[in-house]
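Next come two complexes built around chain A: one with chain B, the other with chain C.
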Partner chain A sequence: MNFTRRAALMTSAAIAANVVDPFRAFAQTTPRKGGVFVVHYGAEQRQLNPSIQASTGVYIVSGKIQEPLVDLDAAGNPVGVLAESWESTPDGKTITFKLRRNVTWHDGKPFTSADVQFTAMEMWKKVLNYGTTLQLFLTAVDTPDAHTAIFRYERPMPLNLLLRALPDLGYITAKHLYENGDVRQNPLNLAPVGTGPFKFVQYERGQHIIADRHDGYWKGPANLDRIVWRVITDRSAAAAQMEAGQLHYSPFSGLTISDMARLAKDRRFIVSTKGNEGNARTNTLEFNFRRRELADIKVRQAIAHAINVPFFIENFLGDFAKLGTGPIPSVSTDFYPGPNTPQYPYDKARAIRLLDEAGLRPGAGGTRLTLRLLPAPWGEDISLWATFIQQSLGEVGIRVEVVRNDGGGFLKSVYADHAFDLATGWHQYRNDPAVSTTVWYRSGQPAGAPWTNQWGWKDDVIDKVIDDAATEVDPVKRKALYAEFVTKANAALPLWMPIEQIFVTTITARARNHSNTPRWGSSSWHDLWLAE
Partner chain B sequence: MEIVRAYFRSPAAIVGLFLLLVVIAMAASASWLFPRDPLALAGRPLVWPFTNPRFPLGTDNSGRDIAAQIFYGARISLLIGGVATVIAVLIGIVIGAVSGYYGGWVDNVLMRITEAFQTLPNFLLLLVLIAVFGSNINTVIIAIGIVSWPAPARLTRAEFLSLRNREFVQAGRTLGLKDLKLIFGEILPNALPPVIVYASVVMAVSILLESALAFLRLSDPNVASWGNLIGLGRDVLRVQWYVSAIPGIAILLTVLAVSLVGQGLNDALNPRLKGR
Partner chain C sequence: MRVLSLAGRRLAASIPTLILILVGVFLLLQFAPGDTVDAMMAQMGGGDARTAEDLRRFYGLDLSVSAQLGNYLWRLVRFDLGFSAIYGKPVATVIAERLPATILLMTASLSFAFFFGLILGVIAARGVNKWPDTLISTVGLIFYATPSFWFGLMAIVVFSIYLQWLPAGGLSDITSTATGIRAVLDTARHLILPTLTLGLIFLAIYLRIMRASMLEVLNLDFVRTARSKGLDETRIITRHVLRNALLPMVTLIGLQAGTMLGGSVVVESVFSLPGLGRLAYESVVQRDLNTLLGIIFVSALLVITVNFIVDLIYARLDPRITTGV
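On to the complex of A and B.
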């Protein structure tokens, strides 16, 4: 049997398309009440409060328990959750949210504007990753009454930016449970209390998390009785449990590429990128400018030209990925600048010429220089990509030593200690470049902040473009500024983002009302149900 | 010569020696049969064995030639088995000999240290050492050697305890031989045969330890080792099982070979089994 992964992926995509559609027809039937939905939880977090930590590993759990001010609808437009409406003054410095009435916390206390004020000032602005940058110029949140919150900014805050950021960075936490003591040390961070359709029951570390339906939910009770998150770190074991019917859903590409391709051919499962459009990611190659050779643009260009990205995608990642063109992925229709920015197509001869020009002549055994590459330990694609980089650079005389670490070790080595030459991982795009992307390029990031510019590189022009774009209220001008940003960033190449991916969902075909928003895995699942 | 004849009396020992020679031949011929870097991209990933004449054993999920990795992996396995065993046996002999020869408080202190090592499961200790010193192939080999010395130390000590009061030792002492000369010149050669036999066990376990490390993706990813290939193949185990199975068989056969050779040596060297 001549069975290549590529063939498997091709057929899997075709089948996935066929499988998804017939179920649309069933979507009209009456939701079945009850049932337990079991979710694959691959990577445990230190805490579960989404107002304090922005991470899909947190939202997959607490997104059902706590709620944001705003979420995205099926078309990707902001829709109110705890906020009912919003408006901005023309100067962009004052944004007013009208809050939903008759919402209570799971402990029975009412949800009010004081909770919004507390969460915004004490958590988003001070602690939340990405939030601290986003809310840097937030000066105060006024609460004229219990259902109005007025955000005041020192510099203009584009309303669209805020609304696109809030689904991820706009989760509200109860003030009355957090106002005493350090919010980071609060024990409720591992037993979240919220306003959502499910209330927290139990967290057994290394085993499972359980949440039950909250009957007093403001939209009416959810369909499911219970959600269980089972901690399974071994991907192959998770796939086996999916087949045994012990798991219903593995989010965010939690299974191996080969298992996803295999399950896609099984009618009991749906394997698709649908419902993850709001969680696009790019694969990175990060350069450390403290390494003298890498500070030379010619060497970085040579490295990019030496790697045959289309070959890698076609043979290793298949239909789950496509060629990237820079820091803003093509799914971001509002900001994607098109492919006509500086690119680095595969050209081995040119790579060798550039290395020669940079003065790196082949030494003993044809080796020009030796570099340490640190791959992030999450994701099978990262490990394959690291190996491919190693193989490709070996062809042009750059010897690459792959140094593996656990998650904490990787973040510390790269973003705190700067003990790397090359690093590779994921850049997760969160619907607006100012939320998730420009921090990878803007200078002045504190050492130790993960997924930020820790390259020892600074460009005043790019810094200015980033700052201007983040405070530009006119959407058309903002888009133009981000196009300029991508052009300049690709030309300077402090890091390279040559692959775009969208997470893949593997879910039982019995699930209904799933994958119906761009960040469904993170959303509240109040309408999700399981057919017989 | 008699020992050699005794060795070849056992069919299992002959099979073991043959397998071991095959592995050594693979290691020796690797760079001649596969001149390219075994970790380089060779072709499309996940080509099944026997489908493409260029890749008789197929390719793994990184598009690397499995046959080349098996041949080069033989080198790494022999290197790990050999060097780690030498380290473990050397430490073990020195500690065991000193402990058994002197007895008393020296014995007490050294044996308590040995017990401290023995009470820790050696794989856990290995994980700690790798976590602290990093997973470079050299550190992996040294770490395996460090976690494997207690058993040879115990064995050497036991031999020394039974030998230290024999007549030839006392004669040597009467002749005024120094302790060092007595330990390493007189007693050790007599205590050595069981330790050498046991070294084959250490060697087999060392190869398995490295594979276990690699299965957890904690071994050196920059060398072509059988364990690394198994660890990599885990991701495609359900469909492309051969990526893990081929190096698995290689490890099985190598460990079997080393064990059979050890058993054969034991039978040949053990005087009590003579004539059986």
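On to the complex of A and C.
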């Protein structure tokens, strides 16, 4: 009797473990060697070197070929890849990395501190998007020996900021292959050479990229024989190819929302946000303060109160999104200040009262105000969200004209020409608010810089909080400063970030050891394998 | 020889058209908001102002529009299509890589549409207003009215997912290492669905033209003469009617060679084929002016060539065109 009860308890515990972590159940079995893993590649990039272009479209390929100094472990903490250890001086101006020994490039040359120095000074500081901002005050990288790199900064660099930025902005490129000529025009940018578990084989533009296992990998050879990235631009076609068994993995919400929801019910696939926690984003609603009416805080508050965000999420985005509470998403455990910052819950009566108080009375046909809304063309959720905003605001007497552009047109109109009243797109959160979040609020951004404060709005107090936080070395004080930032930013409401999303992975149920780190799609996949 | 000089004159006349098209497209794209750096920023998902400024200088976008246009035309005179911003390679190379897939798809579906359009048109014309005619015309209308992306996706759902007979996309099976005849067969298998998808719409047009043309010729005096001579019906159709009814079909091929290039954007996307249509679409979205102008240039050349060949075929089918009677 006792035995039976214990067995029953153990069984239910095992089931519970599966519910909490469906991937763990498979982690115990012995990896099968071999196999070809086929990946959906939705948007071809102009080049594939992650040291000079920070984007998921690059990492999804080159993250298997080149490696960063640091990556994130399963719990989201920095873990050394090409760096073994690191330390910072108390003033935060000198950060020393001890580098891994006995690592070689795919061409057989050894990896040394000279590669780190070259990549940091010539690529991160000069070319890499976001890297140029992050490393603005980097003055030199010293290399006392082949396995030590000392980063010297003019202003304090918080160690935690650097370590959270480096998984994306810390890929190393071989100096001996790049030291001659313009790094941007190096032909190896389309045939990357790295230290990772897979080495580049072939890139047929518009068709596929192939990489094979590198047997000399420093962690030991990977399980897979080969990875193939297939270029498929049509999302529905990609879903069809998943079903036909021609594709194993579609990363970063590469399929349509309806196809992902459909495949989630199919036992052959796993559809989940797991493994993408390091790629959080929020949906925005951006206000142009050059429109007199929108410069009034009451009008902005009214607009936020007029939109029923939970209804939108439930009916259009489903399980893949949740209510947002500001510029720092809740997955960012190091910086999330909690939900008790100024929020704007759905309240139509209040929205109408605020508009009345702002002096916007209904005119002919009940219209108080007409606004142009520019949605970014990146995803179908933005398009749906724009239509939802249009209809919601129509109910409180604000007529919205939706003006749709392609990518280049959108960025130019909003961030360079300021030819918008409302705009909506994605804010990408990159594990630390200083990387790509505070630029949405900091004043003094030059016109034409996409995804920055181009609202015609400036707040000296918020500017100061942002600047202080960026150079604050003490992690506790830093977290408090960012909580203050979110509170003040939500109260001032120069833009609104009411929806939080994490990219969705669609992957074959035969894959093992997948989605086990917060930026798994970008990571090296050295332990990934395919079951029979 | 007369026909050659005729065609030659038409060839010469198309050069000003070509230049007008290129200048027009160049100016039109200047009106589109955003440049290739904006598009690149959009693709990267982020970047700072310094990066953008650097890139503009790198791509030579700091020059004036007239200077950029002048540079382009001067390069074109020397048969230099320039350098592609997206691909980091000469435009000529980029296009040369994509041309085989496009031409393969185009010839396959055009031949399919022409051949079956011809046969079905003849059958429909012979049984005019009887059940074969009604059936063929109705089916043709359905093909014509259905959007090709839907056709393509449904074909994938039926033949690739449910029946698993044919691959769902791509030009060849990358995971296999077949060579020689097996590689050719593999590519052929991959091309069946896209060819049918692209061809069915054109099939509808061809069969209707063929039917109308056949009906017209069947009523002419020489057919009545042939019949009164006692020739059997099949011989009349093949020897006398068909040859005369073919002229409008040949005209249509010349016209549609251009449409086929543009029309394949959708089919190339649905079946993930690396063709010129998708390249053109990407060049517009990425504001890669050099590549787009290069594609227009090559497409125009292709259309001109096809029309030249059509002129020659006219002469073969109808000797009156050569003699000028």
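One rule holds for everything that comes next: the second predicted complex is superposed on the first by the 509 of 532 C-alpha atoms of A that agree within 3 Å, B and C clash if a C-alpha of one lies under 4 Å from a C-alpha of the other, contacts with A are read in each partner's own complex, and residues count from 1 in each chain.
Throughout what follows, contacts are C-beta pairs under 8 Å (C-beta built on N, C-alpha and C of every residue); 3 or more make two chains touch, one makes a residue touch a chain.
Everything numeric in this text was worked out from a predicted model, so none of it was measured.
Looking at the shared chain after the overlay, A:236 reaches both chain B and chain C. A simple residue count on chain A separates chain B from chain C, and the partner touching more is C. Using the contact criterion defined above for the overlaid structures, shared-chain residue A:402 touches chain B, although it does not reach chain C.
In the superposition on chain A, contact is made by A:391 with chain B only, not with chain C. Residue contacts after overlaying the shared chain place A:412 against chain C, while chain B stays out of touching range.
In the superposition on chain A, no contact is made by A:148 with either chain B or chain C. In the superposition on chain A, the residues of chain A contacting both chain B and chain C are 236, 240.
Taken together, the chain B residues at the contact with chain A in this complex read 37, 39-41, 44-48, 51, 61-64, 134-135, 217-218, 221-222, 234-240. In the complex of the two chains, the chain A residues touching chain B come out as 1-6, 8, 235-236, 239-240, 256-259, 262, 315-316, 380, 384, 387-388, 390-392, 394-395, 401-404. In the complex of the two chains, the chain C residues touching chain A come out as 32-36, 38-52, 54, 58, 85-88, 94, 97-98, 149, 152-153, 156-157, 160-161, 164, 167-171, 174-175, 269-272, 274-275, 278-279, 282, 284-287. Across the complex, chain A meets chain C through its residues 36, 38, 43-47, 53-57, 126-130, 132-133, 184-185, 187, 189-190, 204-208, 210, 228, 230-234, 236-237, 240-241, 243-244, 246, 378, 405-413, 416-417, 428, 436, 439, 445-446, 448-452.
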